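Alright, structures below, take your time with them.
Note that chain A is present in both complexes that follow, paired respectively with chain B and with chain C.
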Partner chain A sequence: MKVRVLSQWPPGHVRTPGYLRGKVGTIERSVGTFNNPEQNAYRLTPTKNRLLRVRFRMSEVWGPRAENPDDVVEAEIYEHWLEPFNAS
Partner chain B sequence: MGGDPAGKIDHEQHDFALWEKRVDALLVISSSAGLMNTDSLRRVLEDMGEETYENMSYYERWISSICQNMIEVGAFSTLELATKMELIKSRGATYGDAS
Partner chain C sequence: MPHDHHEPLSPSGHPYRADDDRDLTYWQVMEIAVRELLIEKGHVSATQIQDQINTMDARSPANGARLVAKAWTDPAFKYALIEDAGQATREMGFDIGPMHLIALENTEEVHNVIVCTLCSCYPRNLLGLPPDWYKSRAYRSRAVVEPRKVLSEFGLEFNQKIQIRVHDSTADMRYIILPYQPADSVGLSEAELANWVTRDSMIGVGLPRPPA
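This part shows the complex of A and B:
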């Protein structure tokens, strides 16, 4: 399943890597549910959020500058940072 | 770092100083006491900014974050921390050298 990482830059603590925001990847697998670090960081009672391993092609991450466009990078990203992506 | 050139990576292992081991232990103790957590540690570390990342060592950044967390949660006051730091300083520059 293809997803796009939200391209949002809120103030405060988030774990979603900046270089992947707005990028399209494929869900590789679900890792489980974990305390939401965005609440945990401020000692708020955290909700349990689903964490997903998402695979991105280097060409997607770095564009034409990618040295090895077919290599991939995988990152674990919370579900609330992902939206479904349908290529049209 | 962050996609920018950052020089070569130093792969040399080094022994940890006693104070560094103590900082590590402090995080374990304060986390198990429910006073902070990995995310609150990281929040303060990342709020320190790029200059701090360049100028402070790994465990210097950790102890700064732990102190900030302890002040936030009320484990000790800023004044209590300052008083204690003066006390430790008076023990001399070699006090933390044991490993």
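This part shows the complex of A and C:
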């Protein structure tokens, strides 16, 4: 399943790396639900959010700068940072 | 002659390291204050803190090497490790605490590398403390941008047909790599194989090699 990482820049303790925001990848696996770090870091009662491993092609992340377009980077992204992506 | 020595060298021929006579940082003072308060108020004892430090210091890459060697010799264990590395590791007798572990297998087609771009997440509960370079900004930023160049600086060259997979430990999971078993190590015992598995090969910046 293809997803896009939201391109948003909220302040606070966010575990979505900046270089992946706005990028399209495929879900590699779901690894369960975890306390939302954006609330947890401030001692707010955290919601339990699904955490997904998403695989991105280097060409998607770095464009023509990629060393090899078919290499990949994978990262854990919380579901609330992802939106479905349709290529059409 | 004001001095009877010109070069400040130790007997082994290396320069002496300058004394580190700087003040404590804000956070070092904070850590000491919190620790002393916890002890004074009876929440923990100094012995308990020291025991925890000793437990962490006792963890070393040898733990991971045993895991890899078992996976190389026991296909059922390897399957279990790939399916649920945390459970397989605990069943082998390692106390890895609450760590969520994923094992990634290197093959003839895929080479995996681990990094934490946001901080320095590392499977400490299994491998012990990370090497200093793993926490450096250079490694953390370059590993995702130019992994092949970084790997070449560690002495690893991969042809373009092999896919490099960089794993950024961004949240709650920790990673260990199951290196590709060298052909000339096949047939050795589990105990012998463990000596082939280096720390760097479990991070992805090295390959297993025969013990020196």
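In the analysis below, the second predicted complex is superposed on the first by the 88 of 88 C-alpha atoms of A that agree within 3 Å, B and C clash if a C-alpha of one lies under 4 Å from a C-alpha of the other, contacts with A are read in each partner's own complex, and residues count from 1 in each chain.
As a convention for this text, a contact is a pair of C-beta atoms (placed from the backbone, for glycine too) under 8 Å apart; a residue touches a chain by one contact, two chains touch by 3 or more.
These numbers come from a predicted model, not from an experiment.
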item: Contacts of A:Asp71 with chain B and chain C, given as first, second, both or neither; value: second
item: When both partners are placed on the shared chain, which of chain B and chain C touches more of chain A; value: C
item: Contacts of A:Thr47 with chain B and chain C, given as first, second, both or neither; value: neither
item: First (chain B), second (chain C), both or neither touched by A:Pro37; value: both
item: Chain B versus chain C as contact partner of A:Tyr19, first or second or both or neither; value: both
item: Contacts of A:Gln8 with chain B and chain C, given as first, second, both or neither; value: neither
item: Contact residues common to both interfaces of chain A (with chain B and with chain C); value: 15, 19, 37
item: Sites on chain A touched by chain C in the complex; value: 15-17, 19, 31-32, 34, 37, 51, 53, 55, 61-62, 65, 67-68, 70-78
item: Chain B-facing residues of chain A, complex; value: 12-13, 15, 18-19, 35, 37-38, 40-43
item: Touching residues (chain side chain B, partner chain A) in the complex; value: 2-3, 36-40, 42-43, 46-47, 72-73
item: Residues of chain C defined as touching chain A within the complex; value: 100, 102, 117-118, 144-149, 160, 163-173
